[in-house]
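The structure under discussion appears below in the form of structure tokens.
Chain lettering (A, B, C and D) follows the sequence in which the chains are written, and residue indices restart at 1 in each chain.
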Amino acid sequence: MVRVVIVGQGYVASIFAVGLERIKRGDLGYYGVPLANELPIKVEDIQIVGSYDVDKTKIGLPLYEIVQRYWKGDVPETLQEVFVRKGVHLRSLRNLPIEAVGLEDEMSLRDAIEHLVSEWKELKPDVIVNVPTTEAFVPFEDLEKLEKAIKEDDRDRLTATQVYAYAAAQYAKEVGGAAFVNAIPTLIANDPAFVELAKESNLVIFGDDGATGATPLTADVLAHLAQRNRHVRDIAQFNIGGNTDFLALTDKERNRSKEYTKSSVVEDILGYNAPHFIKPTGFLEPLGDKKFIAMHIEYVSFNGAIDELVITGRINDSPALAGLLVDLVRLGKIAVDRKEFGTVYEVNAFYMKNPGPKEAKNLPRIIAYEKMRQWAGLKPRYL
Amino acid sequence: MVRVVIVGQGYVASIFAVGLERIKRGDLGYYGVPLANELPIKVEDIQIVGSYDVDKTKIGLPLYEIVQRYWKGDVPETLQEVFVRKGVHLRSLRNLPIEAVGLEDEMSLRDAIEHLVSEWKELKPDVIVNVPTTEAFVPFEDLEKLEKAIKEDDRDRLTATQVYAYAAAQYAKEVGGAAFVNAIPTLIANDPAFVELAKESNLVIFGDDGATGATPLTADVLAHLAQRNRHVRDIAQFNIGGNTDFLALTDKERNRSKEYTKSSVVEDILGYNAPHFIKPTGFLEPLGDKKFIAMHIEYVSFNGAIDELVITGRINDSPALAGLLVDLVRLGKIAVDRKEFGTVYEVNAFYMKNPGPKEAKNLPRIIAYEKMRQWAGLKPRYL
Amino acid sequence: MVRVVIVGQGYVASIFAVGLERIKRGDLGYYGVPLANELPIKVEDIQIVGSYDVDKTKIGLPLYEIVQRYWKGDVPETLQEVFVRKGVHLRSLRNLPIEAVGLEDEMSLRDAIEHLVSEWKELKPDVIVNVPTTEAFVPFEDLEKLEKAIKEDDRDRLTATQVYAYAAAQYAKEVGGAAFVNAIPTLIANDPAFVELAKESNLVIFGDDGATGATPLTADVLAHLAQRNRHVRDIAQFNIGGNTDFLALTDKERNRSKEYTKSSVVEDILGYNAPHFIKPTGFLEPLGDKKFIAMHIEYVSFNGAIDELVITGRINDSPALAGLLVDLVRLGKIAVDRKEFGTVYEVNAFYMKNPGPKEAKNLPRIIAYEKMRQWAGLKPRYL
Amino acid sequence: MVRVVIVGQGYVASIFAVGLERIKRGDLGYYGVPLANELPIKVEDIQIVGSYDVDKTKIGLPLYEIVQRYWKGDVPETLQEVFVRKGVHLRSLRNLPIEAVGLEDEMSLRDAIEHLVSEWKELKPDVIVNVPTTEAFVPFEDLEKLEKAIKEDDRDRLTATQVYAYAAAQYAKEVGGAAFVNAIPTLIANDPAFVELAKESNLVIFGDDGATGATPLTADVLAHLAQRNRHVRDIAQFNIGGNTDFLALTDKERNRSKEYTKSSVVEDILGYNAPHFIKPTGFLEPLGDKKFIAMHIEYVSFNGAIDELVITGRINDSPALAGLLVDLVRLGKIAVDRKEFGTVYEVNAFYMKNPGPKEAKNLPRIIAYEKMRQWAGLKPRYL
């Protein structure tokens, strides 16, 4: 059994919840779940025990109702039992057409953290999954600075994710072990401050930023070229979507966060920094959750010949991450059981766009996959 | 030093020859050569010592002149020294607008084989590279049947490649070791008759059908999906080009050969046989050697969501294979030195579309690459 | 009011039927119907009064049941009233996994024609819409030869469509006027034999082969290039689908028919015959009715620069033609009312891939559209 | 004979110059020139008599030398005779890695204008072609305000193009007639201030912003859909290139100009404003002048079916505009001869992205082409 608390009951979290219950009900196979049911902990063992949000229209409602905003179909009745609680917002919804309310409206951040920890001690999660709106953030790097910001109630310096991760550490320390899966771009597994804190607090951190969409595919296509020693001249990658997450990314503040997460996938895989333009490109409402991606790669082959590849696609954004979460919560529980506190590169390298710890590199995902299986105690698939 | 004899002085062989000499002259880097200059045998150590063809307009000319039909630029003078000799044709150019002449016009196949072996004993090749026109063929499976066909001068049963491979075995037996690189679809490394013959004769066979173009890319993209447990619903793949090789494939006779080579890449990688349509599609002269490929893949993601990928590209056909040959001839020499007679799966799995021996499976190329490096005594790149 | 009889109650005809009734019921706008509700005859005035097929599992059933094989949703009850009758097959379903039965199993073709005419005199259609399976055919060119084939019951020479068109002429002659819309590739509007027959018999023929999918789009893209005097070097076009129509096209017999319909769209639009490869490419069952198309065009721009365009798409095959039929039956009625017997180029040039009469050329569809509006008595849209 | 002065001797102007001379020399056909040699004024009659720039490294050099920065090949010697003169810059090169010098460094704008007019009276151009770097601008709308800005030497309010157009009007007034072809986005033909000035001054203005690349293709594809009454749900269009013009567009200041030129092509063609994202997307140096475009269109077909089209391409940016200029200078001369002063919608509608005058709409280019031919006294091509 894995007990899960969700932070951010949006598109991804709702598809995660409904998909999980539909699998339990027998509606679906394990498609989109990389390890399917190979792990000793079964998909059916996962149980959502709590959920947090700061959207005024969601707090207090059962998942059953929220999920219907994102998925049309026969929603399992089991989702009637979990209700959305109030989290901390700290500018999370700034500039979005959503009214935010948060614990910090009525109390200090320290008190809010204490409030969360005490709720969690009641809900008893093994794993906390962090999937709120993309944030504008600055990493801490230094644990003392983080402690200071919390102590001083520095609401301009801290983001919600940083506060949730801090609270998770407090909780893990008190209960002897827990995992925090950071599926969003805010640096947590890549922030030495948090990794240090995790080690001290019996916390496992997986992060950062779930590896879905064009980036991991690009990594594998680039590895394909590198292994033939084809010299990449340039890479352009666009993507546009119509869900709230794409809307959030149109906000310049949030884009500032890219200074810290700027993808090094190109250099990590190729061994040189081929000129590239890789950015979320825009918001187009009718596309909904099914984004449109386009990628162009030009490279030099033998005898100076120049080849070109174009990849386009329509990809459902939220199910891609939701499927990974089904593994991540189970692997989180395994890591806690093994007491591998801090962060686990073998897991991050396959599941995360920006695998922690800070100094770690990107691998071709196809290789990372085999290493991750090994870590998880499974037989390699192709090796 | 690796001494090489080429069979089929067409587009691929000419780009191989000119690219090699341009590298020696310092015009080019090692782009398109998977192992670049990492092997103990250097690219600069490769020397073309002989060439065979059956196109009446080519026999007797130096490579210097032939190469100019395929590549515009300053052709290295070193190619003045190798002249094209007459091979055996056996229907190779049937239905093509090219006049064929062959040794068998004047003698029996046995005598032709003897003639080749005696020429090779003079030219002293370490490796024979087979890149003639795609053939209509039937594999032998049984060594006795092969011996019988040669003995009986059975010109309807044998193809040119089968005769060349047989001659290579004779030659290897007599000189103590040689390699035969079969870069075309005719089954040689996948034909137990030839593998048995090779083992008996000190011959190394690599084959079959050089892994360029859309197929190895498809393999890696499918592996990418398989590792996320995305369920592939269907795959369509088209490609069209304007070189003689695409023209040859419009011939129905040659297409019969597909009965024996039908790609199992889909099932090998995915673990199930997803419905697919994967075929060379057509000939369109102005495209020249730069083929157009288009691929559509549809798959099921988490919670039943359906995604789509489209890959299109313009890819220079001949340089892709020519670059692989630069490795294959060096690896052939290494295998001969190690006396690994028969066929070498580790090499075939990365470089060949249809890796021999017969019972071997396709691997994702990214994995095959690491295994091949290991075989070659190189450090893994990502593992 | 326009009374319609359908021949070939397959995918296209079923979408036509259900779409029409859903429009009447107010479920849908006029999307996909080029002239929407601009004509004096309204979409709501169209009534299907009869339907013919030769698939044993369809004959005798109401459209209500058949439509459910092709469209999931709330099928309008009005389709309970029309039942499928038996037509003539004449090899229509040869090599398809469908059991065919036809009037000619029990009677001569002349008698079958008489039978049809007498049924139609009862059903009183204004327009007969021909959308059976694609046929292998040879055009007649000469009316006498056609009459002779009918008289001699020449079942090897005649196709079902030729027989239906002949019957339509008999019917039109007897009732004073009717229209025959030939939406399939068999040459009818392009066969002088039938055009002559139509003129003598008060029949309006529209044809041949409904202009949907990649071809009319290609025509407009080529016109776009031609108007900038960009010189097209080559055009490759693939398409693959999973409906019965794509399955039927895998049959070599049917492909023989292409000798007669070979597209001249390239030359008609560009003024020169740019090298091209334009063919239905294959059958891939899971694609269903939503085909995948891919097109590559290379052209010369100013100062010798070479540009490339690639167009790919997922296109619902049957709704595309069904939407055109909504116009065609109304235009057919208008032509009959105006007594424009024979064939009408202004209509064909926009709606048909191979616009009759025989000597007529393809126009850029954007231009053809305006001419067609003019013919229909509507104001031009952009001119 | 048409005498031409160029403003902005960059990529487009250099390809224009070299292409023109190569046509005269017989190297090339008329590819990329929409009207080829159909006009009474022949391509060979065009003569470049002067050129202006503000890049310090270009002023004083012959076109012969500058052209070699953009085109590799045998540059015609005739380009030795024209030397680049100094123009006005007014922030044109701000934020670009190019040192700018201009007449206004040493004199008032009024004096600079006088200087230009007196040079032009010597060079005697019939047509002035404006192709400098894209500007950040604010249109004037009111002629008095424009006059005032010139009088007051308002260097913050005026852009270089506005000054050149003003100078062109002075020149035209004095010599009795001239044309100003504005191929860049600054509103001139769409600014009532300039159109009024042109009418008073014997000036013909063509503008604004040469219609090359994805926009006119989009217009024709949308018209194709509109004519079938397919309902467009959304349109995404990306493009990225590596020439200085794409670099200039990364500048936020210049992007402010879009407030005034925001494309209305979608609404003009479809009749409703389908949701769209149409923007120049980025700069990627190795792409050079051959930009990569990607476009996605989703629409509703009959019976509610949803189709998708994706268009990608590699398109040489500068030759596309250069080819149009070959027509525009000839049409400019024709308009001057006919004394059609002000602006000419029939010409703008085909050749310009933002056809003036201000209130004019976009037409499908295929239609606009025929109307333009008519205006030019040529037979329609398809009508």
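Definition applied: a contact is a pair of C-beta atoms (placed from the backbone, for glycine too) under 8 Å apart; a residue touches a chain by one contact, two chains touch by 3 or more.
Just so you know, these numbers come straight off a predicted model, no measurement behind them.
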Item to check | chain D and chain A - chains in contact with each | outcome: none
Checklist entry - So which chain is farthest from chain C, going by the mean of the CA atoms in each chain? => result A
Checklist entry - Where the CA atoms of chain B average out and where those of chain D average out, how many Å apart are those spots? => result 51
Checklist outcome for this item: Between chain C and chain D, the Cα-mean centres are separated in Å by 44
Item to check | Computed distance of Cα centres, chain C from chain B, in Å | outcome: 46
Item to check | Numbers and ranges of chain D residues touching at least 2 other chains | outcome: 308, 310, 312, 314
Item to check | Contacting residues of chain D [partner chain A, same complex] | outcome: 233-234, 236, 238, 240, 242, 275-277, 279, 281-287, 292, 294, 296, 298, 308, 310, 312, 314
Item to check | Touching residues (chain side chain B, partner chain A) in the complex | outcome: 15, 18-19, 22, 28-36, 71, 216-217, 220-221, 223-224, 226-231, 300-316, 319-320, 322-324, 326, 363-367, 369-370, 381-383
